[in-house]
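We call the chains A, B, C, D, E and F, going by the order they appear; numbering starts again at 1 in every chain.
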Amino acid sequence: MAIFGLIEYDQATLEVRAIYDDIMATRKTDYITNFWKAIAHDPPTLKRTWESIKQVMAPGALDAVTKEMIYVAVSVTNQCEYCIATHTASARDKGLTDTQFKELMAVVGMASETNRLVKGYQVEIDERFKT
Amino acid sequence: MAIFGLIEYDQATLEVRAIYDDIMATRKTDYITNFWKAIAHDPPTLKRTWESIKQVMAPGALDAVTKEMIYVAVSVTNQCEYCIATHTASARDKGLTDTQFKELMAVVGMASETNRLVKGYQVEIDERFKT
Amino acid sequence: MAIFGLIEYDQATLEVRAIYDDIMATRKTDYITNFWKAIAHDPPTLKRTWESIKQVMAPGALDAVTKEMIYVAVSVTNQCEYCIATHTASARDKGLTDTQFKELMAVVGMASETNRLVKGYQVEIDERFKT
Amino acid sequence: MAIFGLIEYDQATLEVRAIYDDIMATRKTDYITNFWKAIAHDPPTLKRTWESIKQVMAPGALDAVTKEMIYVAVSVTNQCEYCIATHTASARDKGLTDTQFKELMAVVGMASETNRLVKGYQVEIDERFKT
Amino acid sequence: MAIFGLIEYDQATLEVRAIYDDIMATRKTDYITNFWKAIAHDPPTLKRTWESIKQVMAPGALDAVTKEMIYVAVSVTNQCEYCIATHTASARDKGLTDTQFKELMAVVGMASETNRLVKGYQVEIDERFKT
Amino acid sequence: MAIFGLIEYDQATLEVRAIYDDIMATRKTDYITNFWKAIAHDPPTLKRTWESIKQVMAPGALDAVTKEMIYVAVSVTNQCEYCIATHTASARDKGLTDTQFKELMAVVGMASETNRLVKGYQVEIDERFKT
């Protein structure tokens, strides 16, 4: 269980409830995931993290599914099981197909492999790619 | 410089040249990056890695730019400077806009932050996300 | 369960018991955590690791709580759940407050985010920070 | 060089200048590091990141030097050379002594070692540390 | 459970069965691990990954046990519990002794520690080691 | 350059010289690498690290080349360029052939790839591998 436990809506202060309300409204759901309930013990972190996530994950030049895929790619590389499970679910809710998921995993795997080969072989950046 | 140096086209065996040719033809370029020239000292690895990359990075359910973005996201998370430089260049060649790049970085950054918060707060996976 | 199981005090050799005794005396506890019981199957590693930890974690220019916080910061970044759980508990035993824990997590999260932005934007070290 | 280059104060928009001004005022310096100049190409990221860093790194239950040490610990673990160089300099400016730096590094090193031993020996969390 | 579940032999297509057969024949076992059953939902990834693993893990200039040890070293560093458990078992099946396992872990731990010290102290590569 | 600079033999205290002497005698060389000269500013860390490395890297159930390979595998996974360069050189001095190096890199690359696939597909440990 989370270190300080989970703060449910009923137990939350008005400040925390307002953020839960915004999460649910933005995501069009009546469910708050454990992550938010766990960090709600630190309202400034809850508020800052939600506002940042809300801004960053909103569709823009990249659509919502693409952003979720990138999120999953980072979470797999960082080996965060919670983040993989929740954001894969979220990506699928937003329309990620099974085939897209499989291609996503294939790219994540290959990039991880070549990242290591590059370092191991001590490859220097080509002149033309030095910005 | 790479551990065994770089194998230029002129110095390459016929086997290696055939792979260089396929790389250039597939990517519609006359340039081979240092990575391939560095691992060309191990032809089975060159061949296996190229054939895997060729298959995995080909447009499918995900387009080429999306795949390059995922590649960059993994490379940033793994802190591989070479891979970041070359695949960012490649993504831009394929049409990644500056705005898309900035959104990509914002998502990579936020995911890295929340990945850590999840672990630090010892958040458990919600029942509904247990597959 | 740990790969070779856990060596309890009663089962331990005199050599291992002496280290367990030192751990308990140093930490003013009668409890040995699973980590020590798991690596006790390799007495040289048990001894070397304990002596190093004892030296490194002893209060010095940094106090014991600060050292535990740094330990937790590294463990969260490395995603080691066991280390996070045990060293967070240890830090709290030594006086870490809930508010301090929350600030610790906030810094760990932000550093993880900016670490990625730096690499992704390919930022070079300012002249003045080159040692 | 950074991917889009560095935005100097003179070239900056009013929006970016206002953030540069706040960074300099908050940090009591007339110098803006390359990091901020590099991400200034994306004003929302510049603003969000600065406001978060400003909030998170401000002295609170943890003092400024302790927060910088945690930042360095994470950056070393993530292998971000830029972040290590700049935040070590910043920590020393704020009063980190050489002896404290050495103890910080010793703890970071030991935590990294035991993090791996724990995973390799497949050590399970002690019942008493399950939150 | 794996995201798409596990494909058992009986449920598998002929294409997947042929790969399962080759895995069992190559490894002289009648057991397929969950990993292959999980990625079997993406036959091209199953096929590419198996053929690569088969080639890479075959005894060559390095024997099979040495290759498994390297695999475990990487998996411990990446904190992949599944990979640690299965490849440690595989290494032991192939002849890894308990003493060798302990030495393997000791090296993995020490390398992780010195990797961090090097970065934290900002150590530059000696002239003689620049390739 | 290293944060506190490098301590050359001539400048070293008797305590540090004794360790340098032991390093040179153990390794049968008259050269001290930058790593030791950099951490020599913290004699307890120099002494503890050297004694640990000396014990751990000594041939035992695993020979010296195998231990160096494992060291390189960890360093590549942790992306420590200094450690990769120096320990690859060291491994080759001790007899690692070019072919062995190539096989080492191939295994490191493949393990990195499958580590990610396992997490991404959320594969659970097979009952038989639960220790």
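The rule is simple: a residue touches a chain if its C-beta (ideal position, glycine included) is under 8 Å from a C-beta of that chain, and two chains touch if they have at least 3 such contacts.
Computed from a predicted model, the values in this text were never measured in an experiment.
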| item | value |
| --- | --- |
| Third chains touching both chain D and chain A | B, C, E, F |
| Centroid comparison with chain E (C-alpha atoms), farthest chain | D |
| Pair in D-F, C-F or A-E that repeats A-D, with over half of contact pairs matching by residue number | C-F |
| Per Cα centroids, the chain farthest from chain B | C |
| CA centroid of chain B to CA centroid of chain D, Å | 27 |
| Inter-centroid spacing, chain E versus chain D (mean Cα positions, whole Å) | 34 |
| In chain C, residues with contacts to at least two other chains | 1-4, 44-45, 49, 52, 56, 74, 77-81, 85, 88, 102, 104-106, 108-110, 112-117, 119, 121-122, 130-131 |
| Chain F to chain B touching residues, read off their complex | 79, 88, 98, 101-102, 105-106, 109, 116, 122 |
| Complex interface listing, chain C residues touching chain B | 72, 76-77, 79, 81, 84-85, 88, 104-105, 108-110, 112-117, 119-122 |
| Chain B to chain E touching residues, read off their complex | 1-3, 44, 48, 52, 55-56, 130-131 |
| Chain D partner contacts - residues on chain C that touch it in the complex | 1-4, 31, 33-35, 38-39, 45, 49, 52-53, 56-57, 60-62, 66-67, 69-71, 73-75, 77-78, 80-83, 85-87, 89, 97, 99-100, 102-104, 106-115, 117-119, 121-126, 128-131 |
| Chain D residues within the chain B interface of the complex | 3-4, 41-42, 44-45, 49, 78-80, 131 |
